[in-house]
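In the two complexes that follow, chain A is the common piece, with chain B as its partner first and chain C second.
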Partner chain A sequence: MLSNLGNIILFSSVFLSLTLIFFSFKEINSTGEIISKKIYKISLIQSTLILFCFFTLISAFIISDFSLIAVYQNSHSAKPLFYKISGTWGNHEGSLMLWVIILTVFSFLFLIINKSHPKNYRLYTLIFQNILILGFLFFILFNSNPFSAVKPLPAEGLGLNPILQDPALAIHPPLLYLGFVGSSIYFSAAMASLITNYSNKFFALSIKNWVLISWSFQTFGILVGSIWAYYELGWGGFWFWDPVENASLLPWFAMTALFHSLLVLEKRNLLYFWVIILCLITFILSVMGTFLVRSGILNSVHTFASDPSRGLYILFFLSILIFSSIFLIFKKYKKNDYSINSNSKETFVLINNWFMMFYLLTVLIGTLYPIFTDALSNNKISVGPPFYNAVIFPIVILFLFFMAIGPKTKWIKNNFNNLKSFIVILFFSIVINLLITFFFKSYTILSNLIIISSLFLIISSLLDLKQILIRGKFDLARVISHLSFGFLIFFIGLNHNFSIEKDFNIKVGETKSFEDYQIELKNLEIKDHQNYKAIIGNLSINDLVNGEIKTLKPEIRIYDKPKTLTYEAAIKTNFLKDIYITMSNIDRSEFYNIKFQKKPLMIWIWISVICLAFGGFLRTFQNAKNS
Partner chain B sequence: MLTTKVKKRAYLLAATLTVSVVAIFFILKSLSSNILYFKSPTEIKNSNDTNFNKKIRVGGMVKKNSLEIDSEEIKFTITDFENEIMVSYSGTVPNLFTEEKGVVAEGKLQDKKFFIADRILAKHDENYMPPELKKIMKENVK
Partner chain C sequence: MKIKIFFITFLLISNLCFAMNDVVDQNQIHKNLRCLVCQGQSISDSNSDFAQTIKLVVKDLIAQGKSEDEIYSFMAEKYGEWIVYKPQLNSQNLILWIFPYITLIVGGYVIFYLVRKKTKKV
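On to the complex of A and B.
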């Protein structure tokens, strides 16, 4: 029943999209500057229907209606209610529904919010957005339909992959999707702007908040994914430069470049085509990321739900996006007279963009290179963290300095009369860094430089913050984000240099001593839960320096539906450090493999990213209030 | 005579180009020194230009009854059913690591029969198999 209902709604949505495109074209040719009520109504009905469709799917998951393929493959009646619901978007078919929801709801919101902009620009945006919606609706209907009926009716579902049964992973997809699927709306707007020649600062104003919002959600989404990887994958790291992670980072770089260039377009009416290119590649990279993740073409440790036929469809869709974008840009390209003074804020924004493009290119090459060598030479290779660390970190040093100086420059023509203060800040950064190495531990020259440059950004942003408190002169949102970024790099640097890691194999009752720690595996407990059995290790960690004794209880979880094992790290967090332990059994022998890690200041890395994203939300809020 | 404006832009353009070229060169150079090749025990045996200082990945099955564990390290044999290689490893073991299952180890070759691993790749579910492994298995298992 729910299967039929879902299919009917999907087909009606296709019909509504076509109707919207038809009426929009009709209105473009008509006179008058007002979009008729009819279009608003259809768009509203479309969004409501898609949301209703999604709720239908959720209810199918809640009541465990296994006649639906998505429910059958990804749910189980014994699963807790929370994971039944989150299972809706924790699989390929259901997550595509989430795609379509964001596409349609954003299309409707863009229509009703930007009433002050020209009619044709808004209508073309609506048309392009609906073409995207159609593309994904067809994908759902013909390739990945969650409502496809399973016959005969199975008695029980296959269950959700246990490592996805986690609160962080329940909210990770919606957050990330709001980010990169959200970028569709400025893809459509950019195409519309090219066609209607709407190329002034008002175009910048119409998409500014959308870029900021999607960037903020993208940042949050990446953060939640990292936290999950940190405690669930059992490696103790939070970023592995895995292709799937890279796929979420690529659009993030493009978005970051975009909202900085948008400032130039808004304030100086320059860089229009560059802004358009960034709008287009942000969404193209998002679709490309989806392709890489869903097609299984890349060898990633977290490739879920991969299937070559899906890949083919997305690849086809992706090529259309790329070719139509390139075609429109070449057709509409006009030479502009860029007269930018080399010492001005414009230049600094361009420097930011240059860095972002550099990072983007690095990650893109690193991610795609294995595919090409495989296709060309049949050599199986992989590109791992050493490559990214070697390329990205040395460049971060320069980037942080520019990030501190850039915001203090003036539009059009700048003069460096604040040079003296920069030297003072640099001096203090070096002193603080020396104190850290002197009192705690020395580290490599590269780490020294990274910590000095991050301190430079932190101190100079803190001084800006002081200015705000006294005079309300600078903008708060920017300072918060720049400051948090400085802190992020600073804490990552310290965390990296002060971490302790030790792997060993141990039997029950044994004690292992190393450096300042003594660890004993006291005993094992077995506990039965609703959907898994847990083997809990009772480990006592004796810190020989301050005599503190802590008990940590890592788990091995044995899931039945589907049959698999997961680690559950035991983490003791405080403001100074995380103590992190995972335990695994080696091939059912009496040995347990223990990974012990001390990760200093871990929680501050998360807090820095939260503040970074918060800056984006704050700016959106301020923009909305001012307009 | 060129105007100062044109000159300035030429300089800016030249600077941007130089920096970009240097950057791309830097990326590609780091890439070539940091890629990891994936080899099967047979490929290792047959290769003539083995570099013992470069990290590689070795994949295959964990041979039955080959696993030895003590408090510091784990030793096992990776086989592709034609040739095999001994592996010594100390570090975290994925929960699904077990005899007669697929495994990918990352590390350096000591000689063509002995491999010191510093990482064993985790798998997320027991049905997942890296594409490289699938190929080896297809070729060698009838």
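On to the complex of A and C.
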């Protein structure tokens, strides 16, 4: 029954999209400056229907209706309710529904919010957005329909991959999708702007908040994914430059470049075509990321969602996007007269874009290069953390300095009368770094420079913050984001240099000592849960420096449906450090392998990213209030 | 002013002189080698028999006094380039290593070009 209902709604959505496109074209040719009520109504019905369709799917998951293929393949009647619900979007078919929801709801919101902009620009945006919606609806209907009926009716579902049964992973996809599917709206708006020649600062105003919102959600989505990887995958790191992580980072770089450039378009009416290109590539990179993840072309931790036939469809869709964008840009390209003074805020925004493009292209080539070598010479190579760290981090040093100086410059023409203060800030950065290496531990030259430059950004942002508190000038949102970014790099640097890692085998009753720690495996417990069995290690960690004794309980979990073994890390977090322990069994022996890690300041890395994203939300809020 | 700059340079250099040289770090090497029998895991993260063996081999090589890069080349030769997360600098991977810097230089030139045009006019 739910299967039929879902299919009917999907088909009606296709019909509604076509109607919207049809009526929009009709209105474009008609006179009059207002869009008729009809279009608003259809758009509203479309969004409501898609949401309703999604709820239908969720209910199928809740009542475990295994006649639906998505439910059969990804759920199980013995699964806790929470994961039955989050399982709705924890799979390929369901997540595509989430795609379409965001596409339609954003299209409706864009229509009703931007009433002050020209009619044709808004209608074309609606048309392009509905073409995207159609593309994904067809994909769902003909390739990945969650409502497809399974016959005969199975008695039980196959279950959800246990590593996805996790609260962080329940919210990770929706957050990330709000980010990169959200970028569809300024893709459509950019296309519409090219067609209708709506190229002034008002165009910038119409998409500004959408870029900020999607950027903030993207930041949050990446954060939640990293936190999940940190405690769930059990290697104690939070970023592995895995192809799928890179896929989420690529649009993030493009968005970051975009909202900085938008400032120039808004204030100085410059860089229009560059802004358009950034709008287009943000969404194109998002779709490309989806292609990489879903086609299984790359080896990564996400490969559970892969299937070549899906890849082919997305690749086809992606090529259409790329060709139509390139075609429109070339057709509409006009040479602009750039008048930018070398010492002005405009130049610094360009420098931001310069670095963003460097990061973007480095990560892009690193991600795609293995595919090429494999296809051309049949030689499989891996491009992993050492490559990115070696190429990107030395450049980050320069970037942080520009990031500190840039915001202090003036539009049009700037003169540096604050050179002295920069030198003082640099002085303090070096002194603080010197103190850290003196009192704790020395590290490599590269690490020294990174920590100095991040301190430079932190101190100069803190001074800005002081200015705000005293005089109420400067913009708070920018200072918060820049400051958090400085802290982020600073904490990552310290975390990297002060981490301790120890790997050893131990059996019950044994004690191991190293550096300042003494670890004992006291005993093992076995516990039965609703959907898995757990072997819990009872470890006591004795910190010899301050005499603290902590008990940590890492687990080995044996899931039944589907049959898998997972290792749950035990983590003790405080404001100074995380103690991180994983335990795994060694075949044919009574020993257990224990991996002990001390990760200093871990929580501050997360907090920095939260503040970074908060800056984006704050700016959106301020913009909305002002307009 | 000059004294200040001199002083800062002096501080920075003395700071960097204290900087530690990279020692051969076993954990670091494990992290940079792929576990060939696992899904997207490094040798360091994996407990498979394969990973255990590689860990022993790495220990051996360090004992023989091999440097980090020598160990990677050894592994790449024996198991194929797929095993090392740091692609080696050879003719096949040349584009991979150089391309980022080319984009950096081109990008810098474009900005320089855009900005210079104006300065001339004025």
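The criterion applied here is as follows: the second predicted complex is superposed on the first by the 626 of 627 C-alpha atoms of A that agree within 3 Å, B and C clash if a C-alpha of one lies under 4 Å from a C-alpha of the other, contacts with A are read in each partner's own complex, and residues count from 1 in each chain.
What we mean here is this: a residue touches a chain if its C-beta (ideal position, glycine included) is under 8 Å from a C-beta of that chain, and two chains touch if they have at least 3 such contacts.
Just so you know, these numbers come straight off a predicted model, no measurement behind them.
In the three-chain model built by superposing on chain A, chain B clashes with chain C. Of the two partner chains placed by superposition, chain B and chain C are both touched by A:Ile586. Of the two partner chains placed by the overlay, only chain C lies in contact with A:Thr444; chain B stays clear of it. In the superposition on chain A, contact is made by A:Leu361 with both chain B and chain C. When the two structures are aligned on the shared chain, A:Ile163 is found in touch with chain B, with no touch to chain C. In the superposed model, A:Leu565 makes contact with chain B only, not with chain C. Once the two complexes are laid over each other on the shared chain, residue contacts for A:Phe387 go to chain B and to chain C alike. In the superposed pair of complexes, A:Ser339 makes contact with chain B and with chain C alike.
Within the superposed three-chain model, A:Gly234 lies in touch with chain B and with chain C [touch as defined at top]. Judged by the touch definition given at the top, the superposed model places A:Ser206 against neither chain B nor chain C.
Only one of the chain B stretches 24-32, 78-86 or 132-140 carries C-alpha atoms that clash with chain C in the superposed arrangement, namely 24-32.
On chain A, the patch touched by chain B and the patch touched by chain C overlap at residues 233-235, 299, 301, 303, 338-339, 342, 354, 358, 361-362, 365-366, 369, 373, 379-384, 386-387, 390-391, 503, 584, 586-587, 593.
On the chain C side of its complex with chain A, the touching residues are 1, 4-5, 7-8, 11-12, 14-16, 18-22, 27, 31-32, 34, 39-42, 44-45, 47, 49, 80-87, 92-93, 95-97, 99-100, 103-104, 107-108, 110-111, 114-119, 121.
Listing the residues of chain B that touch chain A in their complex gives 5, 8-9, 12, 16, 19-20, 23-24, 26-28, 30-31, 33-38, 57, 67, 69-74, 90-99, 106, 121-126, 128, 130-132. Taken in their complex, chain A has these residues touching chain B: 161, 163, 233-235, 296, 299, 301-304, 338-339, 342, 354, 358, 361-362, 365-366, 369-370, 373, 379-384, 386-387, 390-391, 503-506, 510, 512, 556, 562-567, 582, 584-589, 591, 593, 595.
Every residue of chain A that touches chain C in the complex is listed here, in rising order: 233-235, 240, 242, 299-301, 303, 338-342, 347, 350-351, 354, 357-358, 361-362, 365-366, 369, 373, 377, 379-387, 390-391, 395, 420, 423, 426-427, 430-431, 433-434, 437-438, 442-445, 447-448, 452, 501, 503, 584, 586-587, 593.
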